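Just so it is clear, A, B, C and D label the chains in written order, and each chain counts residues from 1 on its own.
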Amino acid sequence: MMANPVLDLRDLNKSFGALTATNNLSLTVMPGEIHALIGPNGAGKTTLIQQIYGALKPDSGQIFLNGRDLTGLSVPERIRAGIGRSFQISNVLMDFTVLENGIIAEQARLGQSFRFLRPAFSDANLIEGASAILDRVGLLDRAHLPVGGLAHGDRRMLELALALAASPSLLLLDEPMAGAGPDEGQRMTEIIEALRGTVAILLIEHDMDAVFRLADRLTVLVEGSVIAAGTVAEISQNKVVKSAYLGDED
Amino acid sequence: MLHLHDIESGYGAGQVLFGVSLSVPAGHVVSLMGRNGMGKTTTIRTIMGQLPLTAGRISRFGNAQPDQLPFQIARLGIGLVPEGRQIFSNLDVTENLKTFYRPPHDDGGSHWHYERVLDLFPRLAERRDHAGNHLSGGEQQMLAIGRALMTNPKLLILDEATEGLAPIIRTQIWDCLAALKAEGQSILIIDKNVKAIARLADHHYILNKGRVVWNGDSEALLATEGLTARYLGV
Amino acid sequence: MTLTLILEQIFNGLQAGVTLFLVAAGLTLILGIMDFVFLAHGAQVMIGAYAAAAITQATGNFFVGLGLAIPVTFASGYLLELLIIRHLYQRDHMEQVLATFGLILFFNEAIRIGFGPAALYSDLPESISGFVEILPETPYPAYRLGVIAIGLICALAIHLFVSKTRIGAMVRAGANNPEMTAALGINIKILFRLIFATGACLAGVAGMMLGPLTSVQPGMGEPLLILSLVVIIIGGIGSVRGAFIAAIIVGLVDTLGRVFLPSILRLFFEQATADGAGPALASMLVYILMAVVLIFRPTGLFPAKG
Amino acid sequence: MTGLFHFANLVRAGIRDNQLLWMLVAGFALFPLFTHFADLPFWNDVAMRIMLLGVAAMGLNLVLGYGGMVSFGHAAFIGIGAYCVGISQFFGLSNGLFHILLSIGVCGALGLVIGYLALRTTGIYFIMITLAFAQMLFFLFVSLEQFGGDDGMSIDRADFLIIDLYEPLRLYFLIWVALALVALLLMFIVRSRFGVTLRAIKSNESRIEAMGLVPLHFKITSYVISAMICGLAGTLFASWQEYVSPDIMHWTRSGELMIIIILGGIGTLAGPLLGAIVFLLLEEFLPVALGAVAPAYAENWMILFGPLLIMVVLFGRGGLVGLLDKAIFSRIFRRRMAVK
């Protein structure tokens, strides 16, 4: 028996003027799987993530998360419905320390952000929750560093930690390895690997070593259309993919 | 035409290029290859003066004066076809072309002007009154190439000019570049399409993590075992 | 309320509208293209008015005053950009507010020291102080008619310049993507400076034309600045076409509202209520209009980007 | 000036922002003692103005400094607060406590409406729209003839509960209590979960959205709170001035508030109060200084103040205090180098 998909995209379309960014796209992400989305630059990968996330509105089609129709919901509503996201360019709170980032995420998770009296950054409960968030990506020992002074790879880790903070059922990772050095990329791969089975992940990544190691399934996107989908083994043998992605046309 | 000597560059504190050297001789087509994030576009942006050079030297047409502004560099004779095309969405096709016309530097080379660009890309002639944001991806790419040609560049730089396009459009672009080469146009090109670029370019550089890890001619590129898989493959 | 009165007020509204447009045209490009909060644009109006008035007094010829004031305002805008403004492009909006606020204080005080705090009045020369019959038995001041004509000519010239000339296309390209424009060999710094100086010049033209209609005094530009900000918000920041349409709308709404709103209210309310609320409502009308536009179109009627 | 320089040093020496704030507040409590013994009663008046502008600037700083919203129309709330007194008295309602509650309520409601409309926009649009709303209210009061129009209306220092505010120093300490309460309120808000989220929104709005929060809710709430604080300042301002006219909400006053905050140090608790001190001292002493050099032009002190603002923006990133500090420090430093 097939389990119900966590994410179910049905016939999504999105164009900007004459430019078709998403073309009749359907895709599912099953519970606990890592589903990688690959394709050349400009294929519409980030545009697709933006539609799932709610920052862009599809022209037509539907988006279901755990069977619930997300179409029409705002970004914060979708987050509360169970989506977590890391961005292509590090999107963390630069003017705060690592721990403070965690505390702000923790109080948001608890729904306590609208309280006016007690100081937040010295609250023992929040510090405890934030520490747990940071511990998952191994940043606890750098908790008191300002984010501005953090190495690039650590910022990517923090970004992932914040995306995970609210225990989402679907994690959207937009090029988590981008700009990371080899060691950092390795660390990130291991951390994502460790998440397998605990949360469904939709991953955009250019580092093919990482994709081949992480992905349970792959979807190849070219000019907004799915040109192939399947397991790593299937895709790496696929001629169409090779010509479209590598561009070995004759 | 263009010589880079051990250049270093990057964004703010993050260094991307760690000593890149390459040359584009007159009349040659040179390629720059590598996976995403290896520093190809950063190299182009540094050549154009859009990113500061932190070490090394760039000589453009024998002019090695540092700290030139992008518009001065463009006027030396570099025509840029940028990544993502960057068409002016609020200008129509004609304006996207005519606004940037500059006469050729010397009478030796060919002279590009509005009519000639439209001859090269008949699709653009059909859509000359359309605004930039009402063009398809392929048309935008043609417009970006035409726009760079309108500056009558001594060196044309193309950053991923075939990325994300339908195969038939790509073939058109490659044919067009081959025609330009036949006219003696110097070109520096970034692309991922190994076979097509091996046919077009005379010399190739492969970038990995901000360094040139290999360079050689097309024969060597195709002959070297495992090169494409290691640095360029999926 | 006669047809004559209505017609006359429509012309007054037009005259206010085109003047407003001259102030707003440059400002919308400065705000839209350079993303620069330039509060001292009103000071350019004042400089234009004083330059015209002073040169008129010195030479005794009104037209020489108008003619010479144009290069003066162009030069003042050019120098201001060169000396101070260009150092502020990279700063955040708040710092721009603060610095250009400082410029306002400086210019107002400098004028006060140079010309005294009292208002200057310049009389119109005989030749243009007469009336023209716009309809049979409907005389209208020739000078105001001239202001409308010059304003419309300027508007047409600006429109043709921006949409038809090569430099205009460069300006629009610069508004769309300054980095790419520079990479194609356009010197956008000079382009920006010329836009700035031209904008100052247009504001100056508005100031010198207003001179004979209002009092020329320190701080005279600020009410116009605020109104032209309303115009720009309604029209959409960065859009010259939007500025023109919005300027005419604001000019007409403001002028007609002040004249007719109290009597319109009198149709629905008691006289006392209408007389009390009428002027108050009339003076708020353009701001209410702006709020309404924003509720439906948060980036104005004709946004330049996107 | 050396006093301010000293405070700046205290900050550097590790005196925390809130400690500096409470030192200043305590200083204002003791200030009448000083004026009494030094026989300088005029300076009590200056101190009251400083406190009033300080309270208003603190209110604005919540949205400007902590929330990153460049509101250019907060003078309107000061004006509404002041007119709440004038109009209440016009209708015979003379209780000061009532005036304060009324103006806080009215400004809160108005802040909600203006905030909701203005916060639909960002960047330059937001600056311009807040300015335009303030102008709308300005012209409303200019044209309300029954409340004095352009000429304004005079105000009795109302009874505040059983205190007769005409007695010496009663109003001074009423203002001081307001200052202390606002300082306390802001200190709590800024450190609270709400305040922390507000600061995070300023830092990176899209990350806060990605945490499932709606930034607009936080922004509007802070906008309303800041409008209420400015309303309170306006109410007391009216009592202090015994007069209210549309001038109180002229757009240049919104500019002044912004200047005060930036001079003192944006996004700090003590900054607005410090800035108010600097601003009013400049206003008192620049004419004197200018008069000493060119007696005919003492009134035209703005000719110095305008360029001073430009200089602060161009060269003094840390506000005027930072600028002075740097100048004095570098001179001392250079002298030491020379000695060596």
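Just so it is clear, a residue touches a chain if its C-beta (ideal position, glycine included) is under 8 Å from a C-beta of that chain, and two chains touch if they have at least 3 such contacts.
What you see is a predicted model, and the numbers here were worked out from it, not measured in a lab.
J.: Strictly by the touch rule at the top, which chains does subunit C share as contacts with subunit D?
T.: The shared contacts of subunit C and subunit D amount to nothing, since no chain touches both.
J.: Counting C-beta pairs in contact, which chain pair ranks first?
T.: Per chain pair, the contact count peaks at C-D.
J.: Quick one: point me to the chain whose Cα centre is farthest from that of subunit C.
T.: A
J.: Approximately how many whole Å separate the CA-defined centres of subunit A and subunit B?
T.: Inter-chain centre distance comes to 32 Å.
J.: Taking the mean of the C-alpha atoms as each chain's centre, how many Å separate subunit A from subunit C?
T.: It comes to 49 Å between the two C-alpha centres.
J.: Between subunit B and subunit D, what is the gap in Å from one C-alpha centre to the other?
T.: 55
J.: State, to the nearest whole Å, the distance from the C-alpha centre of subunit B to the C-alpha centre of subunit C.
T.: It comes to 45 Å between the two C-alpha centres.
J.: Which label fits the chain touch graph of this model best, line, ring, star, complete or other?
T.: ring
J.: So which chains end up touching which?
T.: A-B, A-D, B-C, C-D
J.: Subunit D touches which residues of subunit C in the complex?
T.: Interface residues on the subunit C side: 31, 35, 37, 84, 87-88, 91, 93-95, 97-99, 101-110, 112-113, 222, 226, 229-230, 232-233, 237, 276, 279-280, 282-284, 287-288, 290-291, 294-295, 298-300.
J.: Which residues of subunit D touch subunit A once you look at their complex with the stated criterion?
T.: Subunit D reaches subunit A through residues 188-189, 191-197, 199-200, 202-204, 206-214, 217-218, 221.
J.: For a test of understanding, state which residues of subunit A touch subunit B in their complex under the given definition.
T.: It is residues 16-19, 38, 40-43, 152, 178-179, 182, 206-208, 222-223, 236, 241-250 of subunit A that touch subunit B.
J.: List the residues on subunit B that touch subunit C in their complex, please.
T.: These residues of subunit B touch subunit C: 48, 50, 69-71, 74-75, 80, 82, 86, 88-91, 95, 98-100, 102, 147-148, 151.
J.: Which of the residues in subunit C come into contact with subunit B in the complex?
T.: It is residues 166, 169-170, 172-173, 175-177, 179-188, 304-305 of subunit C that touch subunit B.
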